[in-house]
Amino acid sequence: MNEKTLKAIRGATCSANEKSEIAQKTVYLYDKLLAANGLTETDIVSLFFSLTADIDAINPASALRQSGRAGETAMMVLQEAAVQCSLPGTIRMLIHVYLASEQAVQHIYIHGAEKLRPEWEEST
Amino acid sequence: MNEKTLKAIRGATCSANEKSEIAQKTVYLYDKLLAANGLTETDIVSLFFSLTADIDAINPASALRQSGRAGETAMMVLQEAAVQCSLPGTIRMLIHVYLASEQAVQHIYIHGAEKLRPEWEEST
Amino acid sequence: MNEKTLKAIRGATCSANEKSEIAQKTVYLYDKLLAANGLTETDIVSLFFSLTADIDAINPASALRQSGRAGETAMMVLQEAAVQCSLPGTIRMLIHVYLASEQAVQHIYIHGAEKLRPEWEEST
């Protein structure tokens, strides 16, 4: 029997403050996080979002649900701390998930958010 | 031996920005979350709150402790992302907890917060 | 084989809004949390920070990484809820970590943050 361990996966993306773009970028990042880590939604324990203050046109958790995703997932949508000189227009995710103990997690930073963690930049 | 799995339970309630009502609504929601899911406080791993910006009269984690609850619980009290047209006066909770793997979680949305997740509306 | 359980450890510290002090206080608190609980970085599942609104000179997660710590850790840096009369200049942490089931956690409140949880005040 494979042993499973709780792990946390980070992702981030950038968007204009516009409903359809926020929804599209959120869904894209979410799908990429699940695919890159071989997850199904029922593996997810909790999903935390943060938004920079300039992103307020739509709630990304609502956008996920409206797309038919994450309907049963426990989510929180929080304000990113407003630190000077931080990257604007950024949507972050942290997913707590059970994975095989030996599986390495794949964090995803895309669409302008790569600069936050150049060492984690998408290599695939 | 029953296998336990980490799960996340969501709750939300609405309140006027008034100390005694925030305290009362917070305690009521917390007690309901524990009762509906058959939890005791020692089952809780962590408890996250978020507040909309119009709720600032008292810290709900302090209110819980002053009521004799959650004295040993690791809690965070965060700013809910200020999304346009979002429901005002809202206190949210996310509880990470160990439950029997086969147990379904009961999320609780009450006192005006039912409209956030009509599909999770209290049915008992 | 020792059984491990996910637990959450809280910490808090106070700082002036100045880059080097935020970095120093963050690293100090982080090191103390790890030492007091016998942790290594690879034990950490996720690390949540919150900042009061008057702390914005530098991102404490970046400061940790620049010090050579937490390079592979999934972190979020969130806005603490702006509750009236709350302690200013405060950096909070919540660490999710696997510990031996029987191990008690040591929360750390220092450098002015002791008053938040006098009952958890550092005793060692």
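We just call them A, B and C in the order they show up, numbering each chain from 1.
Heads up, the rule we're going with is that contacts are C-beta pairs under 8 Å (C-beta built on N, C-alpha and C of every residue); 3 or more make two chains touch, one makes a residue touch a chain.
All of these numbers come straight from a predicted model, not from anything done at the bench.
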When chain B meets its copy chain C, do both sides use mostly the same residue numbers (more than half shared) or mostly different ones? different
Through what angle, to the nearest 5 degrees, does chain A rotate to match chain B on its C-alpha atoms? 120
Can you work out the whole-Å distance between the CA centroids of chain B and chain C? 22
Residues of chain C touching 2+ other chains? 6, 50, 78-79, 96
Write out the stretch or stretches of chain C touching chain A in their complex. 6, 45-46, 49-51, 53, 55-59, 71, 74-79, 96, 98
Interface residues, chain B side, partner chain A - complex: 5-10, 48, 50, 78-84, 86, 92, 94, 96, 105, 107, 119
